[in-house]
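Below, each structure is written out as structure tokens.
In what follows, subunit A forms one complex with subunit B and a second complex with subunit C.
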Partner chain A sequence: MNAFKALADFYLTNMKTAIACEFQYRVAQYFYMIGMIAEPVIYLVVWSTIAGAQGGSVGGYTPGQFAAYYIVWTLVRNMNIVFTPYGWEWRIRQGQLTGMLMRPLHPLHYDISWFAGWKFVVILLWLPIAVVLYLAFQPTLNPSWLQIAVFAVAIWGAYLIRTMLLWLLGLISFWTTRVSAIFELYFTLELLLSGRLVPLSLMPEWVQSLANFLPFKYAFGYPIEALVGQPTPVQLFAGLGMQLFWIVVGALAVQLVWRAGVKQFTSVGN
Partner chain B sequence: MTALKLFWSYFRVGAMNELQYRVNFFVQLFQSLIALATGLIGLALVFSHTTELGGWSRPELLVVMGVHIFMGGLIQMSIQPNMARLMEDIREGALDYTLTKPADAQVLVSVREVRIWQTVDVVVGLIVLGVAVYQLQVSVGLWQALAFAVALCLGAIMVYCFWLLLTTGAFWVVRMDNLIELFQGVYQAGRWPVTIYPDWLRTGLTFLVPVAFAVTVPAEALTNRLTPTTLLGAAAFTLGLLIVTRWFWRRGLRAYSGASA
Partner chain C sequence: MSASTSVIQVASLRKTYQVPEREAGLAAAVRSLVRRKTKDVKAVDGVSFEVAPGEIVGFLGPNGAGKTTTLKMLSGLLYPTGGEARVLGHLPSKREKAFLRQITLVMGNRNQLVWDIPALDSFELNRAIYQIPEAEFKRTRDEFIELLELGELVKKPVRNLSLGERMRMEITGALLHRPKVLFLDEPTIGLDVTMQKRIRVFIAEYNRRYAATVLLTSHYMADVEALCKRVIVIHHGQILFDGDLSGLVERFSASKTIGFSLEDPSVDLSAYGEVSERDGSRVTLRVPKAETSRVTAQLLTDLAVEDLTVEDAPIDDVIERVFAHGKEPTA
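== the complex of A and B ==
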């Protein structure tokens, strides 16, 4: 009981620290977020054009629904940003990892709580951008209260899934530094199978079936569709269940790989 | 003339430097191929649902993609590294060393850095263009090829001017790192012909960030859409931009206080 309370206290403190720290750089954050908008806006325009040419809708999406999809996309994309796998090489080489290993808490807690705190700053900064996009692209968005509630939970589930996945990727740095090829391959697969490039219903059938067995969809496409689409309550809760499943699987995998990596990790210092 | 000689010298030194790291060639090749594959998948996805996009057929969109990759390679090879270094030099005061050299400072800061392995993207872009033109099944006449070459040059110069204008802002604002990310984000809009975007976005992509002139206009030259008016307008706009950039650069230099005085 004490340990649980201590952990919760740590999370709260670290999150507050992260908020205070990251809020200082809000201008830089805005530049970054505005640059990030280019991607969904491009997809939005392209697919709305196609929908218009195909008589109003394509893949079950009208231009208004595409607008809704890609505007919610911007929030989910921001929730998806976690510690970059490229950062692990830096952590190991700069000796930061040694310091983290000396502390009594698993470094994963540090990453999760820091980025979670940061997300609150991000969400706050995102709201004006969302308003501007809403006015510019006129999305068709009328979710039910259940959808909104599930969405609010799902974006954090997405955040946790992606934390686990990118931690796993980053841990490869324990064994090799030539990681960019693996990472780029992963990011491309994720782009196509998660619903980031296009809503998954626009992909060929076999891709959609494949996506159901992989975690990428539950970190991106599922939260968006929970809010933007018309899922049944069963589908909504099944999705949440799948998110939980992938978080647990991811956490177990991280623990396994982490132990193996730390076992053969050496560092030099005084 | 001096500018060209300087460019060639820096190019040779930069190339010799980077050619030592041959594995980076394969890394760059891999990344370029993945980017190409993603682009082609995107295109295939679009054309699984429609036969044309905003009046552009599939080979024509492939032309746009080819120009986009080619221009992107040029930017990453020469323009972006130079501007990044200029930002850093201004911030750290190391620009002094450049200013004391007996050549024009603007020329120097524009040609110093070369990332030779980005030529992979330039080559990939040209290959895609070749395939696209072949698929177009329309023979490209001499005038069209000339217009295409001119449009490409004008587009490249405009992108350079735009970058230099923004980077010159560092003389006053100092920290402009996020500009690189911002530009890369907006440049992705050039993957598709700007004619499909809503009016306000199209204007922004033409006059604010000259992506239209860098990618769509040369693509229009190859696909029989370019009017002489547009090309002349591009030339006039380029000239105007060059003059404004030069003026702004000189203003920026006057505001620079350096580290060694």
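== the complex of A and C ==
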């Protein structure tokens, strides 16, 4: 079996395993998702109220556009969930990492395929929630076919970028276990610079410029804007190009840090 | 055994851990902010041995002796501080894929199967990870399911299995790729006697069928006696003994046991040796090895004894003495 075919076989098998596993907890998944919906609904209600008070729009966003932004937000947020950096300490302490290192396969493949499988369950469970939100908030959403196609690719690009970023964060656990302060700082930056808290176009000019040079936007705001905004085809494809750039940079950085981390782990032991 | 034919070659292997150290109390905690003290702990201190293809070797030692550290170095999970280890011609610390495909490490207290789904699904995942051809995978899987009497259990979520059932699943999963070298770190820990025996029988059968080399650590001497002709005893990171199990008893056992039945169980036997057990009329005496013949003759002369047997001291006692006395043979 050639290497690519073998890897494809592993991805497919692990995705199937993840789907089987996540279906075991479908009710818990639903409650988790419903809990998660609270965050965008609060943002949506606040911004819609402000838009109403300011004569119908804020920064060009009408309540209908806000609704579209935050409903698509719920899907992108779900696509964005990857292995938590807090989990690495558990992996090390519980010996899970030992098992991973004994396999003739990079553990990154395991995480990417596992969470990719999970996404199919998430999308399925998200659909009825999206219908309810649609009926409740009446979004203004008229994407072109190109926007839909780019969005379908971009949500997976976002998933891969965030996987790399959170893996890098988690790998710090190889050197120290008191990493929550670093994680919190990261999550705050991500919240502000990704478009999660508020559409980036409503942020000050300098924040928008800064966000263009950082990966966070391409893991969150860009896929949403690709579907709900009015981007030109050039902007759409440039965004995909930036996603590819950050995926490659992230993968290279993960590889470097992983090697150093494993060297540290195998020197110090557990 | 020549080095070229050995599956495992270990030469002057060392592993030193740097362990942080400070006194108790607030002042010491503050001082440690400025000057962090560490202590070197030699977990493995110049260990050398070789293991031939198909051999099952028991790796014995008390807690903290360096057994698991050695196994981790041999399986590529720990980088040695010094010396060299080679397994199947590979340097384990490089963790090459070709190496990892030929070995397995089973740790009795660690789980690798996916908790929420039946073990069958985890086995399928291992097939994909190790790229086992479909037909070979099914044959091996079904063979192990039969040997370990797993039956329908493979369809139950792993979280619903008992410890013994789970351990049998773990072993099945870990051996599906038919590794040539097995590192087994206390594979029967916490299991009941029946389950321990079932796992021992399976390991012996796997070794016979696939000529696999096995390095086994266990605190249960029954495991060692049933599986290992050869044992390596390690203590404080150094090898105390490497040879046949019978040789270990011969070298380290200071005593033998004499068992017999007495017509009058109230007789004082303290002049003959230490009474280690008395069960009705049946008595077991522990006597110094050199005194065995004399005491036996004396007992037969002085008392009306029946069913007299002379045996080596139980292996547990021997091992206990080895650990207690360190490098000094007590015989």
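Note that the second predicted complex is superposed on the first by the 264 of 270 C-alpha atoms of A that agree within 3 Å, B and C clash if a C-alpha of one lies under 4 Å from a C-alpha of the other, contacts with A are read in each partner's own complex, and residues count from 1 in each chain.
Quick note on the criterion: contacts are C-beta pairs under 8 Å (C-beta built on N, C-alpha and C of every residue); 3 or more make two chains touch, one makes a residue touch a chain.
Because the structure is a prediction, the values reported are computed rather than measured.
Asks: For A:Val58, is the partner it touches subunit B (first), subunit C (second), both, or none of the two (neither)?
Replies: first
Asks: Given the touch rule stated above, what does A:Thr13 touch, subunit B (first), subunit C (second), both, or neither?
Replies: second
Asks: Let me test your reading of the model: by the given contact rule, A:Thr266 touches which partner, first (subunit B), second (subunit C), both or neither?
Replies: second
Asks: So in the superposed three-chain picture, is A:Leu105 touching just subunit B, just subunit C, both, or none of them (first/second/both/neither)?
Replies: Only subunit C is touched by A:Leu105; subunit B is not.
Asks: After lining up the shared chain so the two structures overlap, which partner does A:Leu141 touch, if you call subunit B first and subunit C second: first, second, both or neither?
Replies: After superposing on A, A:Leu141 lies clear of both subunit B and subunit C.
Asks: For A:Gln24 in the superposed arrangement: first (subunit B), second (subunit C), both or neither?
Replies: So A:Gln24 only meets subunit C here.
Asks: Is A:Val153 touching anything from subunit B or subunit C once the two structures are fitted on A? First, second, both or neither.
Replies: neither
Asks: May I ask you to decide whether A:Ile37 touches subunit B, subunit C, both, or neither, giving the answer as first, second, both or neither?
Replies: first
Asks: Quick one: in the complex, what on subunit A touches subunit B?
Replies: 28, 31-32, 34-39, 41-42, 45-46, 49-50, 53-54, 58-59, 180-181, 184-185, 188, 191-192, 197-198, 202-204
Asks: Could you list, by residue number, the parts of subunit B that touch subunit A in their complex?
Replies: Residue positions touching the partner: 27, 30-31, 34, 37-38, 41-42, 45-46, 48-50, 52-54, 177-179, 181-186, 188-189, 191-192, 196-198, 201.
Asks: Give the list of subunit C residues in touch with subunit A in this complex.
Replies: 15, 17-18, 69, 72, 75-79, 93, 95, 97-98, 100-101, 103-105, 107, 109-110, 112, 114, 116-117, 121-122, 124-125, 127-131, 157
Asks: Name, in rising order, each residue of subunit A that touches subunit C in their complex.
Replies: Answer in residue numbers: 1, 6, 9-10, 12-14, 17, 20-21, 24-25, 94-96, 98-99, 101-105, 262-263, 266-269.
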